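Next come two complexes, and both contain subunit A; in the first it sits with subunit B, in the second with subunit C.
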Partner chain A sequence: MNKTLLGYVPNESPIYAVHPFVKLYFLLVVSLFPMFVSAPDWNIILMVVIILLMWISKVNMSTLKIYIPVAISMGTIIFLSYTVLGGTHPEFELLARIWGINFYWERIRDALVVYFRVLPMIFTMVFFLSTSRERDIIVAMRSIKVPFVVTYIFAMALRSAGMVLEDFGIVRQAEKARGFDPAGKSIAYKIRQYVMYMVPLFALSLRRSEEFTNALVARGYAFTGKVSRVKRADYILTHYSYKYFDYIFIALITIAFIALLVYRYGYGYFQVDQSWLLRLLRSWVS
Partner chain B sequence: MAEETKKELTAEEIWTTEEGERRSVGVIHIVITALLIGIGFVVGAFGSISFPLGFGVNFFWTGIVVQQVGAIWFGGWGVIAGAIFPFFSNAIAGTPFYVSLAYIPANAVQAFLPAWVFRRFKLDPRLKTGKDYLYLFLTMIVSSILGALWSVLVVLKGFGLLTTDSVPLFIWGWFGGNVVAGVVFNFILLKALSAVVIRTTAFVKKWWA
Partner chain C sequence: MHVSKIIEVQDYTWKYINTSVPALAEINLTIEEGSFVGVIGPNGAGKTTLAFSIDGLVPGQYNGVKKGSVKVFGKEVEDYDKGELQQLVGVVFSDPEAQFTAMTVEDELVFGMENIGLSLAEIKERLEWVTELTELSNLLMKPPYEISGGQKQRVALAAVLAMRPKILILDEPTSMLDPVSRGRIFKVLAKLKEEENNTIIVIEHSLENLVPLADQMILMSESKLVLHDKTQPFFQQSKMLLEKGAFPPGAMLFFHLLHERGLYQGEYPLTVAGGAELLRDLMGK
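Let's look at the complex of A and B:
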C-alpha cells in the first residue's frame, strides 16, 4: 500500500503508471470545468467520471466519508443562503411560504446550480489528494521547473504536517494520562482543550526547527549565497519519465477544456435553461 | 538578580539591531516557513472541519494563530507561511482549488498586518503592557475585517457562490471565526512563548532576518 495525502492506495493501482504531473494538470484544469458549466446535469456527470477514476485507481472509498459532513453542511448553508436569507423577490415564482419565509423556484434552482458547481471541484481535489503521495507532488513541481527552494519548502511542509499530527497525538495522550477527558464536554471546554494543545505543539515545532536546520546545514544545504547556485542533480526525476499515455491524457484534458469553452461561449451550451434535471424538478415542484 | 533584570530586553531592543550585529537570511528561516505551513495545515484543517460555514469559511478558525503569531515572530517568513498554509488546510477540508487560491491575498493581509504593527510601533511580543494587548487586539480586528471583505465580496461573490442577502452572514462568519479564535489563542501563545522565541536565531527583527 502507498500512503497518499488522504489515505492508502494499493501498489498495483494503475494511477501509479501515470506521471505525477498529469495528476496535477488534471487538478488544475478539471477544477475549472464547473466554473463554465451552469447545468447541474453536466456537473453530476463530471462527478461520476471522477468517482469512476477513483474506483479504477483503487482508492479506498471510505476516505470519502470525511467529506460527507462537509457536503451536507455546505449544501445546507447554500440552501439557507438562497432561501431563508434570499430576501423578498416579487418578480420570482413563489412555491411556498413557510413561517414567513418565501421559497422561490428561482432561488432553489440557483442553490442547486451553485451546489453542483462546488461538488465536482471538491471531488477533483479529493481525487488528487487521495491518489498523490508527497513524492508525487514534489516530482510534479520539479518537472515543471519550480525552483528548488520552493519545492524544498513544500516537501518539508508536507513532512512537518505529518510530524505535527504525530506531536498532536503525543500531546493528547500526555494530557489524557493526566486525567484530561473532553468526551461529552461543552464547546467552551473543548476550546480550552485546543489551547492546551497549541502551546506544546508550537514549542515542539520550534525545537524541531533547530534540529532540522542543524541536519540541513550538516548536509551542506544552502538556499542563499554561492552554494545555492550549484546545479543540483534531480535524482528523484530520474525515476519518473513521461510515457506515451501521459501525453494522451494531457492532450485529452486540454481538448476537453477547449471544447468546453467553445461549446459554452460559441454555441451557448451548458446553460441552466438546458438542464433536463432542473426541468424535471421544476415540473415536480409545480 | 539586578543583573538579570538588566539583561531583559525592552520592546525597543527586541526590534532594533545592535551596533555590529549582522543578521542574514539562513536555512533556519526556510525551515521555519515550512514548519509554520505544516502546523497551519493541521491546525487550520481542524478548524475548517470542526466548525464549517462553507467554502473554507468557519466559525472558529484556529489557523489564525499560526498566521498572526507566526508573522509577528518570523516577519516575512511568517507572512509567506500564513498566506500559503490555508490553501492546503482548506483543500483537505473540501474547499475548491481555485477558491482556496483566491483567498491568498486575504490571508496574506491577515498575517502581514499584525507583523507590521508590532515592528512599526515597537510593541513587545511578550505582551508586557496594555498598549501591546490593545494594538494586537485592534490589528486582529482590522486584519480580519479586510480578510472577510476580500474573501466574501471578491472571492465568494466573484465565483457566484453567494447571494447578496447572504453576504453579511459570511462576512460575520469569517470575521468572527478569526477574531474569536485569535482572542483565545494569540494572547496566550505570545505570552507563553515569545520570551523564548525572541532569543532564538529564527526570530526576525526586520522583515527577513
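Let's look at the complex of A and C:
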C-alpha cells in the first residue's frame, strides 16, 4: 500500500495495466449513472459492483475508513435538509411529530433517494482515488489532449496541496514541541488553537509560492512569450499505450451508459415507485 | 588557450523595493568560461541576490532598483527573452522541497527539457545521462514526498543539469543535507568539473567539500564583493575572512592559527589530507 496525496493505492494491482484514461473515463461516466436512477436498489447494486472492482483491484479495504466521515456527514446533511429543515407539507403522509418537527414519509423517501444517489458517486471517486496515483490523472488528461497549461496547473495545485499538508505537519510538530497538546480539550478550544496554526502556515505558503515561481522560471517555463510557444514533446505519455482491453472497457462503460439512458427514458425503468426497497421500508414504517 | 568572459558584472547595485539598503552594492565581477567558483559570506551578504541576478530572476521576478550592468554571454540579462536566459544559466536552490514542480521524479527531470523544446529522443538520451550521473535511476517513479532530502536535492540538481546549461549556479545546495548527502552532491559536481566544461558557481557555507573543487573564491559581506581571488591566495587571507564572518575549513584554520603564533609561514592547505601531509613534513623537520 502506498500513500498518495489523495489517498492510498495498492502496491500491486491488476488495474495498473489499464490505461489511466480508462480510469478517468470510468470516474466521469459511471458517476453520472446515479443521476438517472431514482430507485435506491439499483444504486446499491452499483455500489456493490464498485466494491467488487475494488476487491479485484486489491484495494486495501481498511484504508477506506478515511472516507466514512464524508459518507456520514453527507447523509446527515441530506437527512436534516429533507426532514428537520424540510418544512410543512399537509399533503404528505405524517409519520411522526417529534419536538414540533414533522417527519413525512415522502421527505424521508426523497432523502434516501438523494443519499443513495450521492453514495455511489462517492464510491466511484473513492475507487478512482484508491487505484490512481497523481500522475495517472495528469496522464489521463494529457492523453485526451487537454492543453498542457491546464494539466500543469492541476498538477501544481495537487503539489501545492501536498506541500501545505507537509508544512501543516511541521507547524503542528513545532507547536507540540512547545507543549501544545489539544488532546482532551473542547472543540471550541481546538478551533481557537487551530487558528494559531494558520498564521505560520499562511506565511510559509507565501514563501513557497515565491520559491515555486522561481523554480518554474529557472526551469525555463513561461506562460507567455516566445518560449511558451515552443512545441513540447510529452515524454511521460511515451510510457503509456492503449491495449485491446482498454478499448473493451471504454466500450463497456459507454454501452452501459447508453443502455441506462434507453431503459430510463425509453422504458421508464429505475423510478422511485419501482423500488422494492422503498416499498419494504414504507410497509415497515407505516 | 583563449578563455571567454561569460559573466560580466559592472558597477552593479540592486535594491529591493521597500528596503532601505541595497542587497548588492557596486559589484564588479568577471567570471570566465569553465571556472568553478565558490561564493561565501555571512547570511544577508547578498549571495542569493547575486545568483538571482545572473539567472535573471532579479530583476525579472522581483521589484527593485537596478544600477550598473549584469551581462551573461555579453548580453544584458534583461535583454534575453523570457525563458531564454534560463537555458544558459541553471539555478539549484537551497530548499529542495520547493523546487519540485511535478508529481514524480521523472516528470520533474523531463519538465525543463520539454520546456526548451527537446525531442523525445533527446529527452530520453539526456534522462539516461543525468540519472546515471546523479544516481537517480531507481527513483524515477517516486513522488516527491516519498524521497529523502538528499535525494530531493539530487533531483533538483539533475533537473537543472538535464537542460545542459552553460552556467550552473547552486545556492546553498547542501544546507539542509547530512554529510553523506552533501558528499554525494559534491561528487556529482566533481564529475561535472572533470567531464564537462560547465561554469559552476556554488554558494556554500560548508567549505570542506567546496574548497578542493573551487578554482576561485568570492567573499561577500554587507552587500559588497569584498574579495575575489584564486582559491589558495584567497584563503591565505584567513584573517580577513574571519573578520567578515566567513570561517575557513578546519585544516586551514589550524594552520592560520599556527601562522598567527609565528609557527608557520607557508601556504595554508586546502584539505584535511593536505593538512595532514603538511603537518607530517613539519614534524619531520
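The rule is short, and it goes like this: the second predicted complex is superposed on the first by the 273 of 286 C-alpha atoms of A that agree within 3 Å, B and C clash if a C-alpha of one lies under 4 Å from a C-alpha of the other, contacts with A are read in each partner's own complex, and residues count from 1 in each chain.
The working rule: contacts are C-beta pairs under 8 Å (C-beta built on N, C-alpha and C of every residue); 3 or more make two chains touch, one makes a residue touch a chain.
Since we're looking at a predicted model, the values are computed, not measured.
Asks: For A:68, decide between first (touching subunit B), second (touching subunit C), both and neither.
Replies: Neither subunit B nor subunit C is touched by A:68.
Asks: Thinking of the overlay built on chain A, is A:31 touched by subunit B (first), by subunit C (second), by both, or by neither?
Replies: It touches subunit B, and subunit C stays clear.
Asks: Quick one: is A:231 in contact with subunit B, with subunit C, with both, or with neither? Answer first, second, both or neither.
Replies: second
Asks: Once the structures are superposed on A, label A:217 by its partner contacts, choosing first (subunit B), second (subunit C), both or neither.
Replies: After superposition on chain A, A:217 lies in contact with both partners, subunit B and subunit C.
Asks: Check the residue A:177 against both partner chains and state whether it touches subunit B (first), subunit C (second), both, or neither.
Replies: It touches nothing on subunit B or subunit C.
Asks: Of subunit B and subunit C, which one touches more of subunit A's residues?
Replies: B
Asks: On the A-aligned overlay, A:168 touches which partner chain: subunit B = first, subunit C = second, or both, or neither?
Replies: After superposing on A, A:168 lies in contact with subunit B but is clear of subunit C.
Asks: Using the superposition on chain A described above, determine whether A:158 touches subunit B (first), subunit C (second), both, or neither.
Replies: both
Asks: Does the superposition put A:144 against subunit B (first), subunit C (second), both, or neither?
Replies: neither
Asks: Report for A:191: first if it touches subunit B alone, second if subunit C alone, otherwise both or neither.
Replies: In the superposition, A:191 touches subunit B alone.
Asks: Name the residues of subunit A shared by its contacts with subunit B and its contacts with subunit C.
Replies: 5, 156, 158-159, 162-163, 208, 212-213, 216-217, 221-222, 224
Asks: Looking at the complex, which residues from subunit A come into contact with subunit C?
Replies: 2-5, 133-135, 138, 155-156, 158-159, 162-163, 166, 208, 211-222, 224-228, 230-236, 238
Asks: Tell me, which parts of subunit B touch subunit A in their complex?
Replies: 24-28, 30-39, 41-43, 46, 49, 52-55, 60, 62, 65, 69, 85, 88, 91-99, 159-166, 169, 184-185, 188-189, 192-193, 196-197, 200, 202
Asks: Can you list the subunit C residues touching subunit A in their complex?
Replies: 52, 55-57, 60-61, 81-84, 86-87, 90-91, 93, 95, 97-104, 106-107, 110-120, 123-124, 127, 143-146, 159-160, 163
Asks: Help me check something: in the complex, which residues belonging to subunit A touch subunit B?
Replies: 5-6, 27-28, 31-32, 35, 66-67, 69-71, 73-74, 77-78, 80-82, 85-87, 107, 110, 114, 117-118, 121-122, 124-126, 129, 149, 152-154, 156-165, 168, 191, 194-195, 198-199, 201-203, 205-206, 208-210, 212-213, 216-217, 221-224
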